[in-house]
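In what comes next, chain A is part of two complexes: it sits with chain B in the first one and with chain C in the second one.
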Partner chain A sequence: MQGKISRRKLALYVADAVEAKRKLGTVLSEVAAYLVDSKRTREAELLVRAIEDELAARGIVIAHVVTARPLAKELEKAIETLIGAREIHLDADVDPSVIGGVRVETPGKLLDATIKRKLLALHQAKI
Partner chain B sequence: MADIAVTELSKGLRDAIAKLDASDNLESVGVVTRVGDGVAWVHGLADAGYSEVLQIETKSGIIEAFVLNLMEDEIGAVLLGSDQTVSAGDKVTLKGEVLSVPVGPELLGRVVNPLGEPLDGGPAIKSKQRGPVEREAIGVMGRKHVHEPMMTGIMAIDAMFPIGRGQRELIIGDRQTGKTAIAIDTMINQARENTGVVNIYVAVGQKLSKVAGLVERLKEEGVMDQTIVVVTGPSDPASLLYLAPYAGTAMGEYFRDNKQHALMIYDDLTKHAVAYRQMSLLLRRPPGREAFPGDVFYLHSRLLERSAKLSDDLGAGSLTALPIIETQAGDISAYIPTNVISITDGQIFMETDLFYQGIRPAISAGLSVSRVGGDAQTKAVKSVSGHLKLGLSQFRELASFAQFGSDLDEATKAQIERGQRLTELLKQHQYQPMSIWQQCASIFAVSEGLFDKVPASNIKDAQKALLTRLNSEHAKEMAELNKGSEKLEAKSDMGKLIAKVATTVAKGFEG
Partner chain C sequence: MASFIGQFAASEGSSDIMTGLGIDGKLLVFQLIAFLLLVFVLAKWVFPIFFKIIDKRQEAIEESNRAAVEASKHAEKAQEEIAKLLKEARTEAKEIVATAKEEATAMVQDAESKGKAQAEHIVAEAHDEIAKEVIAAKKALHNETIDLVASATEKVIGKTVTEGVDSKVIKTALEESK
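Take a look at the complex of A and B:
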């Protein structure tokens, strides 16, 4: 049997496929089959992060944006300038519990400018 | 409401973007992927450094951890608190600094944990300075040879295995042989003799009842004012046990670097090695001999190398170390004992047999050694203790040999009797450290044969009588002798004085 394929190699494989605009569904089912076959399904979460990291290094950034109200076009542009990558995929979420402001999460980086965060920080500083 | 907030924020955000370099606003974050047994595995944070502090945001506040394993896409970090509240998915940020503890005179008289937080119920410690827990030892040019004495007040040690300021002297022995007692007596002696030496006692995984008793005793003896106690108990996470000696050393280095003298007591390094073994195994580092990781030697060598006597240019301060190692059934050839023996400048070996024979402190004359302390001995002590060690080891050998036959020549008999008197003389109760003059006068009386007619069983009483009389009738001369700068010889005035008093005292105890 072949030796263990490292997470990094798997991530590289998926990233290559994304760049080559291959059909993502096929690639992912291949990887999933490999993980199941080699009993490494527990690593799925880490693998997703590794893929995101690898894509970010190549200039394709997947950003998770959380706001209290639907994202305004203006703000969207501002976020894109902030990230400043070649290709940006915004994954916008609306969560009223953040009260206001915006939270941008890219692989390994975070901008938390929500009111909720500020209130928490104030609360902790008071303690 | 919400309308205003959002517009204000987006304006604020735009301003911030316009003003600042865009990347500055994004902070690096990682995420906890696995946690357990006091170890958290973190994904992300590619710019984390070794030994850097991480902050994990849990539901019940921030928990700190420090980086010990840096791998391709994961970080192994050891938690500095409970792992109960940390869960997978928690956000992790870099604190941007390596571990440090408060240092300075504000800590004197306090009982703290390895992070410098008070455990004595007192107010928080507000020190002006902080010192890094891990710090490189001073280099060759910053050092000087050990030449000032660090009196322990224990006659057997000061006479036979003298310790100098800046020396590392290991105290090794089985459980219940009086290792900690020696360390405590040494601390008490610093206060009684007003040496100005700061004591730092580091308890690594010691029973808290034992530490409480120790602190109580130090307070009674008035030593606590010049002592810092760093405590970790058996229920603390292994990470704190691992940090304790380094944190204590950081506190000691403050005094060393400020032209003062400090004494470190690590009680004990066996438990420290065990805590490090636990962490290493949980971090999946490969185990070696006795399952300790490969760098367990470096663990102790980098710690003890920080004890030093500084050169005059650096202020001539010193940091003396008395590490303690517990052996199993007297086996000093186990892994950790051999390591620490080779690192230190000598060892004081405590024997169970001697302890139960009533010879306390149970110091083995044959296996103990001090490699550099000889230069640090005061002239007075040196002059009386010249052949003490050799005589005592020869006596032990002769005594075991003499058990087989009774027809011994006079010379051997005399040597055995002198040995018995010396052994008796070197017995010393706990918490009763002796001054230089007391040590000198006692050893002088026995080794010059002034007590030859006193039976061994009466030696302690005779010694007490001699010291009492010298103290009451010749206090001025004894104060002079206590300086230790003059040799004590039979021909000198001081020698004649002590001989005269000793001869009169001896008459009362002849059996």
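Take a look at the complex of A and C:
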């Protein structure tokens, strides 16, 4: 029986595939099949983070952006400039509950400038 | 009376005076011997007994006198002793009273100082309690204000944030985080 492949190795495999411009769908299907086969589907989220970390280390940053309204191109550019990586992929999400502002999350960094967070901070300022 | 005078007158005439006086010589001698015998007997056997009794009585009286003097001396001594004891007792009583007064004064002062300290402690505790309550009230007011402000802001901003305002907010945040 084959031994357990570590998350780090799986992340390296996917990052290599991304860099090699291989068909991403196929690579991800392989990894997903492996996780299902090895009954490690619970690690999917952690594996995604590991892949993002590995890609970020290679200059490919996947940024999760949350705003109350769809991002304008101008703002997308501004966010990319702020991240300043070789290759940036924005995973934009619209969530009206944040009221306003922006939340940008990249591997190892988080910028939460939403109005919701500021209001939460105000709530937490209670003594 | 007349016979006696007559007899006397008759004796004047006789030569024997003894007879004239009506004294019988023989009887006188006899009486004298009897008297001397009586004196001898008394001196020999009776008087010594009396003298002994008298001496004893005298000794007893002298003894009594000495005892009385002794008793008097003892009484004087006892009196002096009593006076001395009384004096000492008075002095001691005065000392006891003075000491009791001092102790009472000290106790009163001690009680006063304790009472004062306790009162001060109670006042200080009350001050602390009030200060704590004030702080708690301030905190509660602060928290309530924050809640109100946050809720109001959330409601107002939710309606007033337009796309343009949101863009400005995002730009400012991105600029600030550079």
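Please note the rule applied: the second predicted complex is superposed on the first by the 126 of 127 C-alpha atoms of A that agree within 3 Å, B and C clash if a C-alpha of one lies under 4 Å from a C-alpha of the other, contacts with A are read in each partner's own complex, and residues count from 1 in each chain.
We adopt the following convention: contacts are C-beta pairs under 8 Å (C-beta built on N, C-alpha and C of every residue); 3 or more make two chains touch, one makes a residue touch a chain.
Predicted model only: the values in this text are computed from it and were never measured.
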Broader residue contact with chain A after superposition on the shared chain, chain B or chain C: B
Which of chain B and chain C A:119 touches, first, second, both or neither: second
Which superposed partner A:82 touches (first chain B, second chain C, both, neither): both
Partner chain(s) touched by A:100 [first = chain B, second = chain C, both, neither]: both
Touching partner for A:37 - first (chain B), second (chain C), both, neither: neither
Which of chain B and chain C A:45 touches, first, second, both or neither: first
Which superposed partner A:72 touches (first chain B, second chain C, both, neither): both
Contacts on chain A seen with chain B and repeated with chain C across the two complexes: 67-69, 72, 74-75, 78, 82, 99-102, 111, 113, 115
Contacting residues of chain A [partner chain B, same complex]: 6-8, 45-46, 49-50, 53, 67-69, 72, 74-75, 78, 81-84, 99-102, 104-111, 113, 115, 124
Residues of chain C that touch chain A when the two form their complex: 139, 142-143, 146-147, 149-150, 153-154, 157-158, 161, 163, 165-167, 169-171, 173-174, 176-178
Touch list for chain B against partner chain A, complex: 2, 5-6, 9-10, 12-14, 17, 22-23, 25-31, 33, 43-46, 61-62, 72-74, 91
Residues of chain A that touch chain C when the two form their complex: 67-69, 72, 74-75, 78-79, 82, 99-102, 111, 113, 115, 119, 122-123, 125-127
